[in-house]
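Below, chain A partners chain B and then partners chain C, in two separate complexes.
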Partner chain A sequence: MGASPDETAVEPEAETETETNNVLERTAQRAIQDPDTVYRWLTYVGIGFFVTASLFPFYWLFVLALTPNESIAGMGVVPKGFNPGAFLEVFEVVPFHRYMLNSIAIAAFSTVIVLTVGSIAGYVFGRYEFRGRLPLLFLILVISYFPPVAFLIPLFRLFTGEVALFGISSPQLYNTPWSIVMPLSAITMPLIIFLLTTFYRQIPDGLEDAARVEGSTRIGALRRIIVPLSAPGVATAGILTFIIVYNEFFFSYLMVNGTADNWSPVLHGIFAFQGTQQVAYNLMAAASIIGVIPMAVLVMIAQERIVSGLTQGALKE
Partner chain B sequence: MGSVNLESVNKRYGDITAVDDIKIDVADGEFLSLVGPSGCGKSTTLEMISGLTTQSDGQIYIDDEDVTALPPKDRNIAMVFQNIALFPHMDVFDNMSYGLRIRGADDDIIDRRVDEAVEILRLDGMLDRMPSELSGGQRQRVAIGRAIVRDPEVFLMDEPLANLDAKLRVHMRTELQRIQRKLDVTAIYVTHDQEEAMTMSDRIAILNDGELQQIDPPLTCYEEPANVFVAGFIGSPSMNFIEGSIDDYRFESPITTIDAVELDEPSAVTLGIRPEDIYPADDPRADRTVGSVRASVDVIEPVGERMFVYLLPDAPGGQSTDGAVALDGDHLLMSVDPDTDIAENEELDVTFDQSSIHLFETATGNALIHGLKREPTPRS
Partner chain C sequence: MSTEDRSSTVAQTQQTPRYRVDLAMLDWLERRSDTQFVYMMLVPVFALLGTMAIWPLLYTANISLHADSIATADPLGEFIVLQNYVDILAGEAHLQRPFFSLSNPFTSAAPVTLLYTGSVIAIETVLGLSMALILNKEFRGRRWVRVAMILPWAVPIVIQGMIFYLMFQPSIGFAVDPLSELGIISSTPLANSRDGLLIAIIADVWKQSAFMALLILAGLQSIDRNLYDVAEVAGASKLQQFRTITFPLVLPALLVALLFRTIDALKVYGLIEATAGCNTVPTLSCLVIDLWNGHRYGSAAAVAFIIATVIGVLLIGYLVQLRKQETGGQ
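Up next is the complex of A and B:
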């Protein structure tokens, strides 16, 4: 600290203290005087941790994918070799594109179901006052906290036709997309209902009345006024549902037998490289990266939408 | 254009009667205000005329056609809402032309009508703006424009000025009157602001607790209120009421006595007198007055062109002790010229303009007499 004798004279106590103390104390002194610097550095450190924690696994997948499988033991942080062919081999060894299409189809079916039911429920919860509205909302909230594993065994029995009602056994849904779509739709539904409830609530009152006076029917007012205004919220809800279902592991793993013909999703495609004699780690890594691509694209396109859709609802409440 | 007739219209929500057996006839081209305190059923009445709310009982006719069972879109009405309710995702042109487009009107008709509305409402150059880019007054004008482009028979307005600031509200008041005259359209206007109703309307319908209290031209409501409620609601500041009784042509109350009342049935009555009809006893106009109240000046409020004087009448027998008559309802409010020489805590005599005294039956609240016409005959 190059304090001149003049300054020392002006603030004798503070200056002499800084002069005489060690590095640690000088830094502390500076931090106290200019806390913004500290906050800025803390932000960098926090962001650094977060970025490393979330991106390192992805980088590690690249390292594994590029390393030929025979030299994959005892890996460091750089690839041992360069084998981009793994990304093509993935599709030759197993029909990985079929697994991906299965996943996309399952996510799409779920999204349609969740949006249809969720937007009707959200509209009613958001725009009408009726007896039992709050208890019903709480019930939905409570259900959303049930652990999915609790449903597994009953659902498995149901979907494999082992549950009989009035002598008619339940339909065989194991190995169909519905055995994944139905539980996942149900699990995602509460979140989407809450999201859309807050969204519909923000649409000013009286717009439907205005449209009806102007010449619309009830349904017409819904179609011309409420639907366009709620489109951003519904889009957010749809994207979220799609991502949640696409990324889901539990039911996706257990409700199908793992073959592409039986609607098995991406994760089974990745496990398909796990043979009894050998595990093709490089292909699993490559498949994982390819599997992430649809989500990465979706999030990149829609990230602004997702963030604003989520915060809009939250802030306005 | 069209007349509107409500015949014994009721609206009940469970056990609560929001609108009780209302009969109103609105003439073609008339400007009628529905006025009353919040919760009096005025908005519900308007919503039933619009068809947004279905009545529990009764018939509604627009232009002599029974519209009771018709949905809003088939009633040929237009409505301006309190919260304006412009469609946020449409620009001004789309908002204004919404009704015409939905009815499948030709593009050139739409353009012409919107242009006319833009001219009337002075909205030039705004057609491609979004509602969020407009000021409050502009939004309100667009909402009115949306209502008038369809050339409706009846123009319904539900507190359209309530969300505007005070200055703009007064301005839009005259604008609305100008537009209504120009279009010569029947208008039904809901407001809780009696001053708005007084200044704008051909007739005022005053509602309370879902019941129609009086429907008359503004000045009639002011000068000849049908009952205590109307008397207290219309006029600002509101009328003073003095509880008393009639005995032998004489009104008697603890604070004053008035002779020569044309009522002989002994009964409990309420005397109503507006603040501007109370004069100090030494006022030059005091020769046409009756009654005399000895009171002390409690508070003086100068408001510019008038001065409000809150008087505390001395209790009977001059026992004006602290706390005895200090309640708000016991104040008499007098409105005088601002240059009147009155000071706080002064004792003075005030007297009432005899032609402006209203007497109401205390039990029912109904008006008995507006103005004492006979010459006062002082009894010794």
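Up next is the complex of A and C:
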């Protein structure tokens, strides 16, 4: 932006020198005299490329969803027909709203658990120096690097009641939300703990000390000083957890049997369209669009939080 | 809980028969030492991580040392120490898809996973870096450009898979005909192992480049602007500025981003399942699921720990590199 006055100053000069200059030569000359113009144009080209590449697949989903399924063969990049009814049909062929609600409930339960447990841990790790602090943080870090397949076999046995402790077999959690909520809470926890630890660490010590000197209890100081000040960090952590759990595949796929009655999340709803009598590509596309909506809304209203949460959480780990 | 609260606790517990459990607990908690308090507060988090992560890892480690036992009710066969690992790495285990076979790299688990990981991080580094350089500039509508770029990152894996499944579905996808005429993919890309891998790579690049960009952007924004002014005065070109200032200072953030993406890519499962399927593109995680479905828990656990070991080696290598960066820079 800063270079624009130079550019306008150069332009008339070039024009008066040679009147027969065509656009190409003029541009080339301008580029040599002022390389910043080139970088600016490169930036615009880059923006155009990345925005198109990011958004084009969504556009194409719309194209597919709007095209009636009987004319869907050999699709180009424009819709063939206009059939907004597909977005309603999605809910009739498969109880897609149930899958959506299951997913949202699972993500919400996980968020509540992760925030409750994670903010206590983040508070302790961020504000207290104690023996074993670093080893414990390291243990949490190490857990977060294991692939989900390394947890699968025991957790599946645990949730299907095949693990016994003191003769009491584990509760049947397969086909309940908890078989997804519990492992995902644990897997999301490390990121959130690291995020909140840095966050709590940034709150000045003096405030809490002052409250303690005034005679407030530890919990009182926590509730009156720390909790209000940490609200932004906790909100960021909550949004990230919600997105991560909603988008997760592994446990969401394997820990339920795929029916809406058994708390199967949205991914099973989308796979359900593959099993219908005639493969309904337009419904798959419509369901995908509907499934993305909660995430799109979250990104639009909370992008600053998401960006800061992702970068801080990752870089601090 | 100020002083009044505490004295009233004491008063109530002493004088009135109404015993307030919550206040008594608070009072008790208040009388702990800092260390005791800290460990009390950490009970919930380690209860959760203990049952959902630490115990399962130990359990998996244990079964990976036992033979498969398909016939009996007990999932554990006899204790065979590292035989599962030896069999798998030597190619002697009977797997649905070979673990490692150079003659058909696109249908054996380790080469597929490594090809996938290598390709996605290479492409995402380049794209992420360019995205970050763009987002670091001031321009009108930057907020919305950023929203557009982050949006793919927030798409559920299953929908990401579905988009590319539809795009490369022979009867409807617009991408199939032109690309197969150019000879880049076959006419049924979702049924072909090499093309399936390519589709998964494209899908991952679409979704994850933004994550890479955000981490690199954080590194870019921490660079002192004055450095560029100095370079400008010294007559350095933009390219030289990038080489001598931007790149070295962004390198730590870039390394973190690379580490995250590498680990994530090595675990890939959902994207494959939602596009070409585990049979066509057999990654390491797919292999674990296949073995698990066949009730071959010992082998499944061993493959899972092979993935974990690869990740562990990478992590250590990365930490060493980072340490070197820190000491070398001073």
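Points worth noting:
Keep in mind that, in the parts below, the second predicted complex is superposed on the first by the 256 of 317 C-alpha atoms of A that agree within 3 Å, B and C clash if a C-alpha of one lies under 4 Å from a C-alpha of the other, contacts with A are read in each partner's own complex, and residues count from 1 in each chain.
In the analysis below, contacts are C-beta pairs under 8 Å (C-beta built on N, C-alpha and C of every residue); 3 or more make two chains touch, one makes a residue touch a chain.
These figures come from a predicted structure and were not determined experimentally.
When both complexes are superposed on chain A, chain B and chain C fit side by side without a clash.
Legend: residue contacts after superposition of the two complexes on their common chain; A:L298 is shown touching chain C, with no touch to chain B. Residue contacts after overlaying the shared chain place A:G206 against chain B, while chain C stays out of touching range.
Once the two complexes are overlaid on the shared chain, A:F130 sits against chain C while remaining clear of chain B. Looking at the shared chain after the overlay, A:A186 reaches chain C, while chain B stays out of its contact range. Within the superposed three-chain model, A:L229 lies in touch with chain B and out of touch with chain C [touch as defined at top].
With both complexes superposed, C is the one of chain B and chain C in contact with more chain A residues.
Looking at the shared chain after the overlay, A:E214 reaches both chain B and chain C. When both complexes are overlaid on chain A, the residue A:A150 reaches chain C alone and has no touch with chain B. The superposed arrangement places chain B and chain C with a least CA-CA distance of 5 Å. Common to the chain B-facing and chain C-facing surfaces of chain A are residues 214-217, 220. The residues of chain A lying in touch with chain C in their complex are 1, 35, 39, 43, 46-47, 50-51, 53-55, 57-58, 60-61, 64, 72-77, 113, 116-118, 120-121, 123-124, 128, 130-131, 136, 140, 143, 145-158, 182-183, 185-187, 189, 193, 214-220, 223, 243, 246-250, 253-254, 266-267, 270-271, 281, 284-285, 288, 291-292, 295-296, 298-300, 303, 306-307, 310-312, 314-315, 317.
Within the complex formed with chain B, the residues of chain A that make contact are 204-207, 209-217, 220, 224-225, 228-229.
Only residues 50-52, 71-73, 77-79, 81-83, 85-89, 98-99, 102-103, 146, 150, 156 of chain B touch chain A when the two sit together in their complex. Chain C meets chain A in the complex at residues 1-3, 5-6, 26, 29-30, 34-35, 37-39, 41-42, 44-45, 48-49, 51-57, 59-60, 63, 75, 127, 130-131, 133-134, 137-139, 143, 145-152, 154-159, 162-164, 166-167, 169, 171-174, 206, 210-211, 214-215, 217-218, 237-238, 253, 256-257, 260, 263, 266-267, 269-271, 273-274, 285, 288-289, 292, 297, 300-301, 303-305, 307-308, 311-312, 315.
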